[in-house]
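Consider the two complexes below, in which chain A is the common component and chain B and chain C are the respective partners.
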Partner chain A sequence: MAGLFGGSALANTKRAALNWVPFVAAIPLLWVIQHFFAEQPDWEYAFQNINHIGIAIILAVSLNLVNGLTGQFSIGHAGFMAVGGYVSAVLLMRGPTDDPYRLFFICSIAGGAGAAALAGWLVGKPSLRLRGDYLAIVTLGFGEIIRVVIENTRLFGGAIGLSPIPRYADFTWIWTAAIATILISKRLRDSTHGRAFLSVREDEVAAEAMGVDTTGYKVRAFVISAGLAGVAGALSGAFEGNLSPQSFTFVRSFEIVAMVVLGGMGSITGSTLAAAVLTLLPEYLRALANLRMVIYSVLLVVLMLVRPRGLFGTREVWDLLPWRKRARPLPRKVELSEALIDVRHATIRFGGLTAVSDFSLQVEPRELVALIGPNGAGKTTVFNLLTGVYPPTEGTILVAGRDTRGLAPHDIAHLGLARTFQNIRLFRELTAFDNVRLGCHHLTRESMGAAVRKGQLSEVEEKWVAQRAEELLGVMGLLHRRDDLAKNLPYGEQRRLEIARALATGPKALLLDEPAAGTNAKEKAELMQLIRSIRDRFGVAIVLIEHDMKLVMNVSERILVLDHGVTIAEGLPREIQTNARVIEAYLGEKYAREHATQIAAGQVKP
Partner chain B sequence: MSEPLLRLDGLDVHYGAIHALRGICLEVREGEIVTLIGANGAGKTTTLRAVSGLLKASGGTITYRGHSVAGVKPHKLVEQGLSHAPEGRGIFPNLTVRENLMLGAFLRRDDAGIAHDMERGFKLFPILRERERQMAGTLSGGEQQMLSMARALMAKPKLLLLDEPSLGLAPQVTETIFRIIEEINRGGVTILLVEQNAHLALGIAHHGHVLETGQVVESGTGQELLRSPEVRKAYLGE
Partner chain C sequence: MAEFFQHVIDGISVGAIYALIALGYTMVYGVLKLINFAHGDVFMVGAMMGWYMSARWTGEARNPNIGGALLVTLFSMLVCGCLGFVIERAAYRPLRNAPRLNSLITAIGVSFFLEYGGQYLFGPNPRVFGVLPRGTALHFGPVSLGYVDVVTIIVSVALMIVLQRIVFHTRMGTAMRAVSFNASVAALMGVNTDKVISFTFVLGSVLAAVAGILYASKYPSVQPLMGLMPGLKAFVAAVLGGIGNVPGAMLGGLVLGLAEQIVSGYLSSSWRDAVAFGILILVLLVRPTGLLGRGEAEKV
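The block that comes next holds the complex of A and B.
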């Protein structure tokens, strides 16, 4: 994980520090509240609840990073809380008895957080390569193992628990940590890293194609989340004065999951509010004695039925404000590029089926090549080979002079290959603007630490990313759709948005899989213009899969024809149109007849 | 004249603040092929989704076989013979081709009829027979499109809603598909067709409607629309 929190230049420190001023200023305020209220006997019960809420917020908001933003399903959060709590408690109980400036307390919290983060890494690294449900099982197991280990370790007090732990954590400490957690979470979310988390949740294949290291980001989310849970554990121990393994059963984990789900997957404010609601609910139902948990459960079910996507859905409180930035188009040249795709004798077999055999293709910079052929000929498979979704069974593929064997799709995206998908793989729950901004992800340099500190680099980069995204939306005629969710765009605009997103990665070559599908004749004519202008303006090479022959014959400089995985022809459009084998396998006699005169007259320009 | 099989009267649909359909009125009579053409975002797919109950109308009525479909669940409509082959296919990628087809016949209990229709599907799309035991997710895009259509037919529909059946198909296959649509129609299935290839769609349609920004702006028989100068200019690329 080296470099995870690597800072940017020192020059940014002052600016970054300024960004934390409001937060630092809030701490004395918390202290004042504590001094005048929390220490009064009348307020004791209320503040006990308020502090429980603070701890619950840290837990819910941190779990939201994994379950909400990154779309993974962890149900072992209490386990990480326990690790943090126990490590910190053991340190505190063995530390100096006198700690007037609470320096050792801070160290113990950091120790707990570090231990929890390490546990998160150990659990996450192997299991996050897997998808979906596996993680849930692994984290469930982890939570239980931790509890059993604690119960049987004398150092940790066994089943009876640890006490007395110095009760250093009070209102000020807990709420400072809670606010910091919210702030860290929000800043991560608003940065390019936050968008990378979201892309993993929305569509991993598309995220890889954008250059997002999906496993890497899952692990990062998991480690940060576990570390923050460790902070919550440390504070909880130092607040209650004791720790017992019974507080860290999987029921606790599920409570935290319930907070995230109730708040709305991915919504930070939602998690915060739900943490408060679900902490207070059982307290105020205490009068009902035995019925308490029944009513708590029923209320939870009712809340989920009324608001099936959680209190806030995927949105935040501030999204509900009528505040929207307007688009400011800004011209900017995207850098030109040099030499490109070189496929030599690539073959791929799936089981007994040879999908593509002995395929060779060289694409020069700024070239427009089309790949055509009957359905099932292997055209999309060629794209999947080029972008590293499948490794070739035989043969070599070079992108920008580099052998792509063993490279992940996101690495190949970094080499300058961008693509669109035949079946459209936009991040459906994100806006058009965010989809394109995600495309810029791998061009950004800010570290996660910098994003949290909100240093100058990250601000400059954010501005640059926003400008670039708006420019590309403008080029694709989608500026009016900037703030619409991708899923609400009509089909043809979704295709254009995919092209904008692919261009945002700053590619040297753009692979377009059926860009004209779902567009009418007039829109196709516009698309032809667009494809040419993209090539001229961005200096990219374009490889095109398309069934619309008018478009193919008009824009491409060279055509390859695949049939049953075999290249049956290659040449200029005019040559392809008159090739008997291509007519038989793909174009059909009717096409040949209809275009015979045109072809003879040379009207269809290559 | 008898009651039409499907009638839309002043249909309104909103997506949040976006007013997607503004008072659509049209009729589909039994035995007809009716096509909707229009630019992207005009509301064609939205209309189909409202008819099959996937979207809630915010105003107006949809009458199918004499009854309002308001509040009727999509699967109930399928029971009543209304089948939808959605845009973007919606096949089950981790089930085999055969299982996908069987799910199309989910509500039917006549084994012989199911077997017969499965056979018909394979006859219409021979490539599907070759792929019968393959996971649908491993099919190429065009093959998935064929599967989606074959599956819709397995429900033995009275009214078939087809959303862009030619999407992603090779030119030759596109022509085959349109031949098949006519064949299905001759077999007694009424068809409401959304298609970008206006030329082919109007060529086989009894009636057509042109949609612009959620409104019907022009209606007529397929041939009339093919001759209409506005349609030729806007949608046939002339």
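The block that comes next holds the complex of A and C.
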């Protein structure tokens, strides 16, 4: 991989630095604004609000990484903010009183961010395997525990809080951090890592099957988000001059969640705007005195009812720009592969039920094997065993010569197994293009840091991934659907998109789970042609699950028949057709007995 | 030892109140998969209505007696039942098919609305609450049981038995369980899911009203933010027992109440809240579905 994307480290650094020029240039501009406006008494109130918005933006955009992009459900963001705020405040208050170049201030922010990120890791690592609401509860509980710990710690000022904290944070500091947060967030979003985050949100099982380490990505999103919340806490403390535990209750966390949801889950633009709106709203309602929070809450409910997908949905401002890249087909050769699946005596039991027993299967490179059997025969379970969704109760499974025991589904995907799902599991809210690009995820090597810095490697890789994805869309006849959301594709195209996505992982063997389900006879025949041509073109081995016997007879080279979890026959299509046990399984015992002579003569076909 | 028993009795009495609130969370979660964050504030409204009824509109608070208390409680139950119905109808039903995070935000909005609305109408300061006679009812050597504690325990046990009957032995209860297993299949079988969901909200809110009166009698005061912490804790109790599971909520409430009282008795009351959430996190990490909950594997 390194050779492919080579380039000297120096050139990389230079490019990366160039990418930050506009950002660095913006800092003096912020300083000028501050110098001319913020220090005027007339503008004091306005700038106080503007700074509050800046802090809210950091919080909302960072939480959006977890709640919006990764689809996890954290409602303890204020807890991480508190960790960052208190750690940095304690550092500042004990640090040198004279800090002309604000070097120590920067260190204290970094310290706060680091502590918050560490807290994020400590909370996230064990709890992110919980799903949905449970994760929410753990984060909520964590936020409350942090608050109680602070209230009971003398170092942190107890219930009264810390003050005076040197008030170093001003407009320039806060908005530099806010813009940096947006930039980091956007660059992550646009990288292969951003797609990995989204895939976790859309469908964890499919993401694992595409080679995405879902737990790893959840933890990463959580840690980055917590670290940024720590920055917000540090700035908030140094802006207000004091910190008190009452400002970090779960009500604060809710406000941040509300910003993310109201902005539109996953939209950075939305989070930014909603942060501004929800910060200003109570300020503008101040004239109404006691009623203002009542109205604020009613508006929150009404906004949610009227715009359930948030202000921006999943869109971004920059999606509306005219120079956004569109589809352009580019043919390119995809590498050959050699594959081997070797299943030996695999058995799996669910409680008392033996779903598959003593199953053995060897698949040679470029071979096309069909797995057939009546409903409930255990075909999909075989796929789940192969891809590591379930570990076998007994027996071994080798993929590319490696025992897959103990490997996570994404590790097995890395070994060269890709699959589609019987009940289509596309990333529904992502475009067809992004679905396929996500398949390339595990082939990319850029680090998260590089994605944020915009190094050369990431640029070359992005280009390569885009080309590969477009080519695969072309092969599957989906190029015209490139920018459509997966959920809006017709059924047949969704099935083909799943195949394209699976191919994008560069598999050695492709497992297709009833690709022809729900299509008519003509479409089925076309699909089988397509499957053959995929095998020929990409050199992959294919294991195909299919109900329809006639169909597989034409396309496959070897057939395995399962019934009630037991392999009842294996052989060439012709042999299977005349196998008495297969006919029995398909047509019933009585029929098989009554028509024994015709079956023996090969006149009856299931 | 006597001190220990005193803590246990206090724990059971607080735990019973948590359990009553937790039932509302757990039933709503069961049928809607929604964490109804406004539930703690319905509990507050229950207590507040009790205050209005007993201290403002009748003279009950000046002369606490059981009959008067019953009347006050019935009034609170009525108001909260209606409130629960309206909240579901206005704020949750339109979002039933939206992503779950949306309904959660709406729930938080409703919760803010009730809290700030309460502050606007009632004022932010706590007021003394007393619908039940105070004082000690029973002595077991050095261990004493307050009048309020006795009533709390008796009323909670009675209500839980009634609820158990409703959920497991009535047509509506069967329908509730069907909806919580699978709402769309239940609808296909002829269950009116809207009606069941409304009923669940009303039932939960009515229990919250009783819990509100009992809680306010125990710490004899009422204020608009009083629902916040008990609400959260009751929710923790529901998760602890296995959310969606009715006996689980009762068990979770008791466990939480006991743990809290023992910790605040032997350590320090300021660590009480942290302990509740600490237990929760531990239980979730070891047994993510709660004490009595049953896990569900996702079909691939």
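Keep this in mind: the second predicted complex is superposed on the first by the 569 of 606 C-alpha atoms of A that agree within 3 Å, B and C clash if a C-alpha of one lies under 4 Å from a C-alpha of the other, contacts with A are read in each partner's own complex, and residues count from 1 in each chain.
The rule is simple: a residue touches a chain if its C-beta (ideal position, glycine included) is under 8 Å from a C-beta of that chain, and two chains touch if they have at least 3 such contacts.
Please read all numbers here as calculations on a predicted model, not as lab measurements.
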With both structures lined up on chain A, is it a clash or a fit for chain B and chain C?
clash
Between chain B (first) and chain C (second), which, if any, makes contact with A:Ala136: first, second, both or neither?
second
Once the structures are superposed on A, label A:Ser297 by its partner contacts, choosing first (chain B), second (chain C), both or neither.
second
Touch test for A:Leu305: chain B only (first), chain C only (second), both, or neither?
second
What's your read, chain B or chain C touching more residues of chain A?
C
On the A-aligned overlay, A:Phe80 touches which partner chain: chain B = first, chain C = second, or both, or neither?
neither
Is A:Trp173 touching the first partner chain B, the second partner chain C, both, or neither of them?
neither
Pick one for A:Val148: touches chain B only (first), chain C only (second), both, or neither.
second
Given the touch rule stated above, what does A:Phe433 touch, chain B (first), chain C (second), both, or neither?
neither
Tell me the contact category for A:Thr380 with respect to chain B and chain C: first, second, both or neither.
both
Just name the clashing stretch of chain C against chain B, choosing from 185-193, 203-211, 221-229 or 257-265.
185-193
Residues of chain A contacting chain B in one complex and chain C in the other:
380
Which stretch or stretches of chain B touch chain A in the complex?
15-16, 18, 37-42, 45, 87-89, 127, 138-143, 145-146, 164, 167-175, 196-199, 234-237
Name, in rising order, each residue of chain A that touches chain C in their complex.
67, 73, 126-127, 130, 132-134, 136-138, 140-142, 144-145, 148-149, 151-152, 205, 250, 254, 257-258, 261-262, 265, 290-291, 293-294, 296-298, 300-301, 304-305, 308-309, 380, 384, 389, 421
What residues of chain A sit close enough to touch chain B in their complex?
350, 373-380, 422-424, 484, 488-493, 514, 517-525, 547, 549, 586-588, 590-591
Touching residues of chain C toward chain A in the complex: what are they?
33, 35, 91, 94-95, 98-102, 104-106, 108-113, 116-117, 119-120, 232, 235-236, 239, 243, 268, 270-271, 273-274, 277-278, 280-281, 284-285, 288, 298, 300
